[in-house]
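Look at the two complexes coming up: subunit A is in both, with subunit B in one and subunit C in the other.
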Partner chain A sequence: MTAPARRQETGREAKETRETRETREAKETREETQETRETREATVREAKEAKEAKEAKEAKAAKKAKEAKEATVRDAARSASRHSLAALLALARFEARGLLLRLPVVLALAGYTAWIVWRTLQPWDDYPVLQDADRATQGGPLFVGLAALLCANQAVLRSRRHDTERHLGVLVLPRAHRTAAHALSVVPLALLTAAGVAAQFTWEALKPGALGRGSAAELLTGPLVVLLFGAIGVLLARLVPSAVAAPLLVVVSFLLFVGAGFPFTGETGAVWTAPLAAGAGTHSYPSGLLGRPAGWHDLYLAGLTLTAVLLAVLLSGTRARTVRAALAAALTLTVLGGVVQTGGVPAVTTAARLRASLTPEKDQTCVRRGTATYCAFPEWTPRVGDWARTVERVQSLTGGTAHGRPLLVRQRLDARRGLLDDAALAPSRHPRQVTVGTAWGGNRVPEFSTAVAAVLVAGDEKTASELCDGRMVTVMWLSLAWQTDPESALRHVRLDDSLTGSAIVLSPTEPLRMTAGQTEVVRALLHKPVTGVAVRVKAHWAELTSPKITTARAAELLGVPAEVGADRCAQ
Partner chain B sequence: MTVTVSASGLGLRYGSTHALDEVSLRLRRGVTGLLGPNGAGKTTLLRVLATAVPADRGAFTVLGHDPATARGRQELRRALGYLPQTPGFHPDFTPFEFVDYVAILKELTDRAARHQEVRRVLAEADLADVRGKRIRKLSGGMRQRVALAAALVGDPGFLVLDEPTVGLDPEQRMRFREVIARAGEDRTVLLSTHQTEDVAMLCHRVLVMAGGRIRFDGTPAELTARAAGRVWSSAGRDVGAKAGWRTGDGGFRNIGDPPEGASLLAPTLEDGYLLTLDGDLAEVTA
Partner chain C sequence: MRAVIPALVVPVWRTLPWRTLGAAGAAGLLTTGLPRLFGSAPGAWFALGQLRAAALAFALGLAFLLDDPARHGTAPVPTGRGVRIALRVALVAPVAALWWTAALLLVPGPDRPPAGDVTLEAGTACALALAAATLAVRRTDDPYPGRPAATALLVTGVLAPLLVPDRWALFVAPQDPRWAAAHERWAWLLAGAAAVWVLSLGEPPRRRSARPRPGPHGS
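Our next item is the complex of A and B:
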């Protein structure tokens, strides 16, 4: 091989070697690049995953921290709220103590207690009917309520009057809480009133001869009125920060409710818009006939109280959403109670009143005692014993067939024109039927015994109401002779409480009339021994009960001197 | 020592008047006196710090509580004892009842513990003997102590006292100093007063306010030192004196820039205070 050929060959080999190397290197480089890329990608992926994991961990930790912080804030808020509530109650206790020691409140409580004792010890309050006794507890708390109004008002104005607001304003408990505490401070006074109401009612219920059924709603009204008046005092102080506002309100209210009266009387719906709707007539009625929306009225009072308190709290500067929501709820309660209570007497009650007035026998329970039958509304059946004792005592003094004559004692009432109607019952025309009312004790006993005697002598109540002759002497002697103090009973059964002259004699239905002469004869007879006069009554029964007998003749038959003229009932 | 009360840039205007103008301060535990002429803004500053009125500008914290939030304000009030300049009282209350009432408003709810605390502060204010007497029957000094007891009840960490010794006789003031000094041992007390002796005797630090601004913030010694070489005596009133008055010995005590060769006197805290006010200083004449 020539040198050029060798050079050429060597060059070719070298070229091939270079190409091969380059190819190999390129391949290796490619492979390396691929590997590097893969490595890098793996690294990036790992870094990304690590970053994501880190971020997730951090987010989790942040979330945990945030939750922990929120929980701490929540716990702190809850703790602060508990603290504020405890402070509010402590302040309410402090204010309540101050309120109970205020002179007007002390005087009102003393007066209220005296009123309960005085009222409950009255003889006319014996034999109570509990559906009236519950309502009778409502008057006294009114005065306690007025004291609460005045004193709570003054207590709220205290900071302003003595210029302590600048100091108290930077203390922890805000003004709204102080307002709420003043309203709550009336609660113990209301509880004391409730204790008074409970004592008064229990005292009545434990009296011998108590009957009927009290209403918890009626009993609740008095304490609620105290709360309402206290709340009004607090609200007024926030509305009109002047010491004269509360006394002025009391005077205006007095003129409105007591002086003007209208429209707060009768059984109209409007009467229930006033705090108290006593609606007391002179007669008692079965509880089923009352138709008083006392429960709704209590709801109305509670709603009014809450409304007044929450308004006062809002006026004290709070913007709490809960207070505004509570105010809306309180207003709803007030409107609901107010609307329902003013609906008037329900139709079913009106129908029941009509039935009890016209056909009482449909609702009554009858009991036979001796020769007499006693028909009473179910709540009055425990009183049959008292009626029977009176009937038996009167009958024991009579003569002829009257002694064993079967009487029907029927309880009657007239609720057709409402419960406030004071009209007397019409006398019964049924022979041997005696009317008895729903009241008992005191004057009602001689009134009933007069009715029994009048029916035994005259035959029926209608005839008895027209008596104007000597029979009246026998009627009155029979009615009074058996009683412990006959002359006192005579005085009480006469409308003018007199012992001389002519008089109207009360009975469960229409009254009877006594002339002056008859009064003299009866008084003379009452001074004589009962047994001696009874013998003469029995002996001359036929003539003494004759329509033709004069007072002079009756006196003669009964053995008392009588200088009386002709019987003239108009005398 | 840790900063307990910190305020920066507090400002409050009443109409065109700057009651507070860029007031910044940092208080620590102990009694700090606040001096200044009438209308300087002392009471306004105290009322702002006591959260009675909000500032128009600036911010402050008390014991770490920021009154800018409702919660912070409540927490601050829990840590606050405040004796206003003219405290009101419920005259029909007894001191015990009044302080008990304030204690309840400070959320001391446990009755037994609260009554114990009330008895403690009444004893501290030297009122134990009259705690059952009606406030209306107490003297002015005793009433002032009732207000101090009300401020102290609940062991507040920050006590704000606005001229508590005004109108008190020397003996009553001395008693007050005792109570305030005790209170300052473990609390931050800010005491506004016109009595430079009170500051000299009680305070580890003093602030001087005028025109709604802080004019001086330092120790009483530093305030006194401001008058070093600027108080001198002379036979008559010196024309160059910023203030001067005849003393009991018949000579004149002058404050200001003394003439050459003047007979210099040892300065008092009051001298330093008067010189600090300078432009706000009303001329004191004999």
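Our next item is the complex of A and C:
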């Protein structure tokens, strides 16, 4: 073998050997790897099982711990919320006391009390109609509300003014709760207002001349207005933290709601979006004809108040979902109340108004007193006694057939053009029928007395409204002679409150006219003793009630030396 | 002193409460412009009420004119308080005059009450506001005398029409026979307010025991 061949052989062997070794090694390694893998897998499985077991154990422990922790948190939260609520109420009490002692609020409450007393003691308010008296309680609380707006706003801004916001920030009560406490602090003021409203209405209802039926919803409006203005004050402080904002809002509100600057007027529609939709008309009406959506208005006011408060709480930095949900609910209430209240007069009420205006006899109750029959809407039947006294006194001064002539006194109203309409009633053409309105007391008494006298002299109201002769002297003397202060009654029954010259004389329907001469004769008659004049009236009754009589002749018959010219009435 | 005042003009101009005055002016213009906004004629009596409300609104803004966060810092400066307050008033006066002209022009011509007399009323309201604020500066250590002054002015403005007896009637309508007499009373009131303002301008000769009040800059 040559050396190269040997080298080649050796090389091959070496190669084989290497290959064999490599293969063996690889095989061994593979076997080993297999084993190792198995072992590892077993280890991993064990470890996994152990881990799982451990995890399960841990999870169980953790769950237990978590449950315990949750329970603790729940308890803590419950306790914290209880404490927080207690703190909120304590702050609200403190702020309420501060609010009630602020000078503007004290002045507003003093003014409100004085207004109630002054208003209720007025002589024209001796015969209140309770469905109007309930609405009359709403004006006063507006002033208290404006004071609440100003002072609640200043109370919220106090911490900013004194730079104590950062101190309060580290205390237990969050800003939102403080806002809520400020809103709650207005509640005692609203309760005081409610007491004022209740006192005013009770006083009216206890008057001997009171009649009709009040509405709780109308009475609730006043206190709700106070709450609303207080809530707006709180909201304004959170919206515009400036001391000038509230006084400016008070000025604008004053102009809008007190100074008649509100752009909407009338009985229905957008006028109800104002806090007070009092709409005080000239006349009173039976409660069935009012058709005022007072309950819906209260809902609207309450919704508006809640919306303002919740908005202020949200603006104070809370993110609570309940507050947002409550705000949505409050907005819904406001919109619901707002939409329904502006809906107009219900069809049933319109039909009732039409019936009461055109055919009042269908609704009325009639009572007979002496020679006269009195037909009135059911709520007014307690007033028949007052009317009867007036009729009897006038009739007692008359002579001839008028003395025992049967009269029909019918209550009339005209609600066809709404309740704010102040047009005078058309005079009745029915013979011996006298119209009486819904109001009584004050000037209404001599006005009714004049109507009775005019019908007794002239026969019916239509003829009486056209009187322009000597009969007017008899009418006015009959109307006034029996009264305690006839001359003052004459002044009040005349439109211009005069005692000389010609004038318009008011009556429940169209007015009558007095010339200067008639005024002079009537005044002279009123200065003479009633009984003396009554004898002459009865003696000359036929001539005094004749359409041909002049004022001069009437003066002569009644024994008054007066020089009066011919009767001329201004048309 | 003559050299100091021009130097003071710009810093005092900057420290004036322009936002408050702007809000008050805007509220005032809103009250006079409301009927125009709704396209209705206000009527003479209501137009007068609007102008009075506008004047009250602007006067409420003026009550905040002397609010000065740096009050305690400026107390020892050589320029007296009277000069600084007078400078503030002088700086705001042309703005007030411009604003009042705009408010008067917003009211439709036929309904506008006699301009001179109603300007006297507005001037009196502003003078009362300034007198109240100056008095509050003199009597207290509060760097913000505007709030109590504005509250006092507002309460007076709301209660006066209700409580002033007929003998001293101030709030009358233009066609009322008492109009002239009422404006004589307004003039007296203006003179009184101006006198109170001038008398309260200076620093009191001896400082009364200062009541510490919490404030952003301490007292």
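Here is the rule we go by: the second predicted complex is superposed on the first by the 487 of 571 C-alpha atoms of A that agree within 3 Å, B and C clash if a C-alpha of one lies under 4 Å from a C-alpha of the other, contacts with A are read in each partner's own complex, and residues count from 1 in each chain.
As a working rule, contacts are C-beta pairs under 8 Å (C-beta built on N, C-alpha and C of every residue); 3 or more make two chains touch, one makes a residue touch a chain.
Just so we're clear, the structure is a prediction, and the values are computed from it rather than from any experiment.
Tell me the contact category for A:548 with respect to subunit B and subunit C: first, second, both or neither.
Neither: A:548 stays clear of subunit B and subunit C.
After superposition on the shared chain, which partner residues are touched by A:254: those of subunit B (first), subunit C (second), both, or neither?
Second partner only.
Quick check for you: in the superposed arrangement, does A:362 touch first (subunit B), second (subunit C), both or neither?
Neither partner.
Applying the document's definition of touch, where does A:84 land relative to subunit B and subunit C: first, second, both, or neither?
first
Examine A:321 and indicate which partner it touches, taking first as subunit B and second as subunit C; both and neither are also allowed.
neither
By the touch definition at the top of the document, which applies to A:169: first (subunit B), second (subunit C), both, or neither?
So A:169 only meets subunit B here.
Identify the residues of subunit A that lie in both the subunit B contact region and the subunit C contact region.
In the superposed arrangement, which is not itself an observed complex, subunit A uses residues 162-164 for both subunit B and subunit C.
Provide the residue numbers of subunit C that touch subunit A in the complex, in ascending order.
Interface residues on the subunit C side: 19-20, 23-24, 27, 30-31, 34-35, 38, 40, 46, 49-50, 53, 56-57, 60-61, 64, 144, 146-147, 150-151, 153-155, 157-159, 162, 213-216.
Which of the residues in subunit A end up touching subunit B in this complex?
Listed in rising order, the residues of subunit A that touch subunit B are 76-77, 80, 83-84, 86-87, 89-91, 94, 158-159, 162-173, 178.
Give the list of subunit A residues in touch with subunit C in this complex.
By the definition above, subunit A touches subunit C via 103-104, 107, 111, 143, 146, 150, 154, 161-164, 242-245, 247-248, 250-252, 254-255, 259-261, 263.
Looking at the complex, which residues from subunit B come into contact with subunit A?
50-52, 71, 74, 77-78, 80, 82, 84, 86-91, 100-102, 104-109, 111, 114, 147, 150
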